[in-house]
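Shared between the two complexes below is chain A, which has chain B as its partner in the first and chain C in the second.
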Partner chain A sequence: MSTETGRVGEWSLFGHSLRRVVLYSILVGMGVFYLIPIETGIMTSIINPASYTGSFPYLPPLEPLVPGTGTLSLEPWQGAIDGLGQGLVNSVILVVPATIFSGLLGSMAAFGLTTISWRGQIGIYILFVAGIFIPYQAVLVPLTQFWYNVVPLQAVFAPLATLPFVQEYHWKLVALIITHTAYGLPICTLLFRAHYKKLSDEMVEAAQLDGASVSTIYRRIILPLSIPMFAVVFIYQFTQIWNDLLFALTIVQFGDAAVVTQDLVGIGVSQSGTNFPLRMAAALLAALPTLLVYIFFGDKFAKGVAA
Partner chain B sequence: MAELTLDGVTKVFTEDDGNEIVAVDDVSVDIEDGEFLVLVGPSGCGKSTTLRMVAGLETVTDGEISLAGRRINESPPAERDIAMVFQSYALYPHMTVAQNMSFGLEESTELDDDEISELVDDTAAMMGIEELVDRKPADLSGGQQQRVALGRAIVRDPEAFLMDEPLSNLDAKLRATMRTELQRLQEDLGVTTIYVTHDQTEAMTMGDRIAILDDGVLQQVGTPLECYHTPNNRFVAGFIGDPSMNFFEMEVDGERLVSDRFTYPLTADQADAVGEARGVTLGIRPEDIGIDPDGNADSPHEFDMHVDVVEPRGDENTIHLTFEAGLDEPETFTATVSGLRQLQAGDSVVATFPPEAIHLFDADTEQALHNRSLDIPEATEQIV
Partner chain C sequence: MRNPLTVLKRRLSEHREVRTDGGTTSAGSILDRDSVRSAPFWLPPFLLIGLFIYGAIAWNIVLSLTDFQGLGTPDYSALDFENYVVAFFGGTPSWSELTVSPIWNSAWNTVVLMVSFSVVCLALGLVLAILVDQEIRFENTFRTIYLLPMSLSFVVTAKFWLYMYNVETGLVNLFLGAVGVGPIEIVQNPDLKLAAVAFALIWQFSGYAMIVYLAGLRAIPTSHFEAARVDGASTVRMYWRVIIPQLRTATVSALVVLTVFSLKAFDFLFSMYGGYQPGPSADILATRMVREAYSNGNWAYGSAIAVILFIMALAIVTPYIYSQYKRGEL
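Let's look at the complex of A and B:
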């Protein structure tokens, strides 16, 4: 029955109450359940594709020591880096400016629509909110028309291609940056607006009386107080734009400007069959930047959500 | 430092449904150079709106505001050279105390960094916050934040200070200390100041003059004692003074005032002042009512009363009196007597309403018809 450590009437096992033992078993079980797919992915990505068939994908590749596990090989990762390299570079060129622009412009728009009052701002704000609800599918055809037929971006961009590191096909990435900035603007504005509504009106009035202009109030008061919200918006926008495939397919279509999600679709697929280790390595590689962003900005994100 | 003039200032807010609300109605006050004017009134009376119009945070619907003889209606807040202290202090949370204080100087003057930091240091020393200059507002107590807010206003050396209930977030003890300190500071600096409060104690103790506002309309402007002893109307009489003045609704009957409780004879002067009015309100301050536990009501100004409740305050007792004993919820009025006097609930006493201490207000217009006479203060003391 009871021991000195447990409560009266509680079962115990080696001095630990049975209740705790059961609790930890369930927690460990759930942890394993969630981590198995990732573990399987990692293990698969370091198996020699030739020895993959017939092996257990979740076991570390230990052949020929342990049969049925496959041979260790970094060939899939090598292949993933080769196959996705260009796409990764293009994605970074796209995501970093698009994230910064949508965050900054969203913050400025929210400041103008919340902290400063002027006639007609509610109407403009409603347009912003409506922008959130425009489905992607509805704008795909107009977007293609816009960038390929209406705006001569390709022609305007051509002279810039002589600059170092700039390629002619980069014009498609510029189009994609502008598209993502515009499409992310409403949600960024909404997030910042919620934050700015909580800031004290009297503080802004005090700054006005202190002689600060509207732009100074934004730069010296509002912007420094927005940092936690910028972490939230940047993480959100980074993940959204990095993972996007639809706009990339519509605007980039194919060619040198393809981003990582586009490259990922076709990698490791051929008529001779699917190269699973290569696909796994590529998928992990493509997911790595978003993972890093969460790891490095996660604490600021939590602070911003709580703010 | 300059004189500030409000001439017929009016603010009308238009609600979304088109309703117009008059928040401030034709307010005219002249505030002299270096004067400390307290704008007092109940919440929603338009005092904060008036202050915000002076600051430039609200537009002026009608009338004119001028500072040092210059019309400032249309100037943006930044160009008015006015500093304001807010009820919430409104400090910039991401800046240190020193940065909070230098922000206004950086934005509104051409001073270089050294001059600014010297000014900030001097002001911080004057406010006794020199130890705190590197801290952020979140690390300060309420009283310290309030000093920083004051320091931020002072360091700019503006033409005028506006203060919007700056002491209302402090505890009672600190509020009393800061009241004195603010007065001394304003006297030393000699900056024209408008101070908004709903607290009549602050108004009485701090102001050179007080302006009493009710429902957007200016009721009276005067020194604290003028407003206390010679109120323009019943609102001012009731608002200034704690506990409030007692009011009795009376009918005029020749040279007497009559109600169903008691009859009060008027002097010839008072009867003249009443003139043709049919109904008047008789007002008397609690401290003017004489209380005698042993006497008999033989004079026509003396009445038999019952003590309903005694509230001891130490220095004085507030006594709630009623004409009839034994009622569950009697109509009471208050008298204050010395804290050393022993009175119990249920006691029968004789209360004296000295004729020189009464105020008479027209029952319809609520305007003062007659105020207490001030030339014989000894008489009231003898009765108490």
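Let's look at the complex of A and C:
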């Protein structure tokens, strides 16, 4: 808000008011606080594990210039790609359809519950919103029962496994896609509803007078106006699903269908101790897709979380 | 006998005629209502959440009344509240030969983590939001950096902080060593575990509180700031007396979301402790539930703990959703 810059008689340092200097120092200091664990991780991830001493985890590997910092090597990243490769592929197979389905269905639900207004829709909508706050523990055991003992998804996939690119274990990923779609729906619906409430009613009313059907209104008017919101929703869902561990742990459990977060838990630990360069490289590799999305679309991510 | 489906189809195709028919206009065809016409859009998603969220919650409640344990399928013929008695008082349940401890320890840890994490996040977020709101340069850069950890997964955050907290090579201990303290075992230290978890989670989510507060600050009319200035209030006094009271809505919504995040801290603990065993001083209900069910095979007992966790979440969320509904903000 109002600043004190340049007020006569105030303490100043190099022409800046002391107040501003303190302000920027705190802001930069907090920036360091948020970045240093990531910076340390990046620096450690490019150290040759054999030369790693751990004395200066925050410095880049500068041996022989600076002793004790280790030598530069991409070996940890190579190890991370080898260790997480399968998990990364599975995560991509999971996250792309789950993000698209939850976004599309969320937009449709919000349209049916907002743009077309009818009595009692708020009651239905409250059930959607409440779904955002459910601790997932409350559904885990039924979910495992459902996918392992009720739905014969595995039996469906067994004959399909002869097709190219289809493996029998993919049934677990399909189960995970449907699960993530269902549990992502509440937040997607909330985000789209907030957007649709702001759209003016005039266009929809005019279309209705012209005798346009509900689906025409959605396809011709609402969907084109939803594109900015789809970006927000897709980014949010992508991050959420990519980062999830709990559902993967309880639905995939273990085996070939394990996703990247599952593989990351155990990486870099062996009988001979912890391989920190490998572990940091793996953590960064697993975080890379969401980090890139955040760096390039940060404003949209902020919009998603603030809603 | 006419097939009901045929009737429905005929009514569907003829509903325009029915409307012009005079007598039936006021009642109209049921298929002509907006709720029905928009049903292709809201009903499939609703069925999906109805099955997966509400169906699963109901099923979980029933499961918690069974003796389901180990391999096999649950037996729904004998339902009782034994699991809840065990959860509250401990003892040896009929489905086990071992004594099962009650949930009080993990419930207490859950509350401690929830309160400390949310309160510190809110305080830090508020301070950051006020600082960022001082017409600073590079505002976007600062905001981007502060929110960055939130794009990471719990699993990744845990790996970073496991490294930060390491006794020999961790930055936290290097820093403590520089000021003459330490080195201290943090991650496996029963006295510090929960604080270490809370601190790492605060690192990850305080940026979220900042974003919410910043939006709240920007929504306050500039005239309120100016009026306080004219009255000669100091900056601290202005914020304390005039501005912060207006951030109530932002506080409540951030608090609810952060509380729910802390209930979900399972992923973090699982990654930090490499499995289901964070140890008694960092065990929360979320980890206890998954451990009982997926590691010990005590499915029904896990379900009972899940019901308790669910009720805790409900107690926080219901008043919030109700007040949102009352204010017409849903």
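Methods note: the second predicted complex is superposed on the first by the 251 of 307 C-alpha atoms of A that agree within 3 Å, B and C clash if a C-alpha of one lies under 4 Å from a C-alpha of the other, contacts with A are read in each partner's own complex, and residues count from 1 in each chain.
By definition in this document, a residue touches a chain if its C-beta (ideal position, glycine included) is under 8 Å from a C-beta of that chain, and two chains touch if they have at least 3 such contacts.
The shown structure was predicted, so the numbers you read here are calculated from the model rather than taken from an experiment.
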| item | value |
| --- | --- |
| Which of chain B and chain C A:Ile46 touches, first, second, both or neither | neither |
| Which superposed partner A:Ile177 touches (first chain B, second chain C, both, neither) | neither |
| Chain B versus chain C as contact partner of A:Leu249, first or second or both or neither | second |
| Touched partner set for A:Leu209, first chain B, second chain C, both or neither | first |
| A:Asn149 touches, of chain B and chain C: first, second, both or neither? | second |
| Contacts of A:Leu94 with chain B and chain C, given as first, second, both or neither | neither |
| First (chain B), second (chain C), both or neither touched by A:Ala130 | second |
| Touching partner for A:Ala138 - first (chain B), second (chain C), both, neither | second |
| More chain A residues in contact - chain B or chain C | C |
| Shared chain A surface residues [contacts with chain B and with chain C] | 213 |
| Chain A contact footprint on chain B (complex, rising order) | 55-57, 76-78, 80, 82-84, 86-88, 90-94, 103-104, 107-108, 152, 156 |
| Touch list for chain A against partner chain C, complex | 1-3, 23-24, 26-27, 30-31, 33-38, 40-41, 44, 54-55, 57-58, 105-106, 108-109, 111-113, 116-122, 124-146, 149, 179, 181-183, 185-186, 189, 213-215, 218, 239, 242-246, 249-250, 253, 261, 264-266, 269, 276, 279-280, 282-284, 286-287, 290-291, 293-295, 298, 301-302, 305-306 |
| Residues on chain A engaged by chain B in the complex (per definition of touch) | 200, 202-203, 205-213, 216, 220-221, 224-225 |
| Touching residues on chain C, where the partner in the complex is chain A | 33-35, 37-46, 48-57, 59-60, 63, 73-74, 128, 131-136, 142-156, 159-161, 163-164, 166, 168-171, 174, 203, 207-208, 211-212, 215, 222, 225-226, 229, 256, 260, 263-264, 266-267, 270-271, 274-275, 285-286, 289-290, 293-294, 299, 302-303, 305-307, 309-310, 312-313, 316-317, 321, 325, 330 |
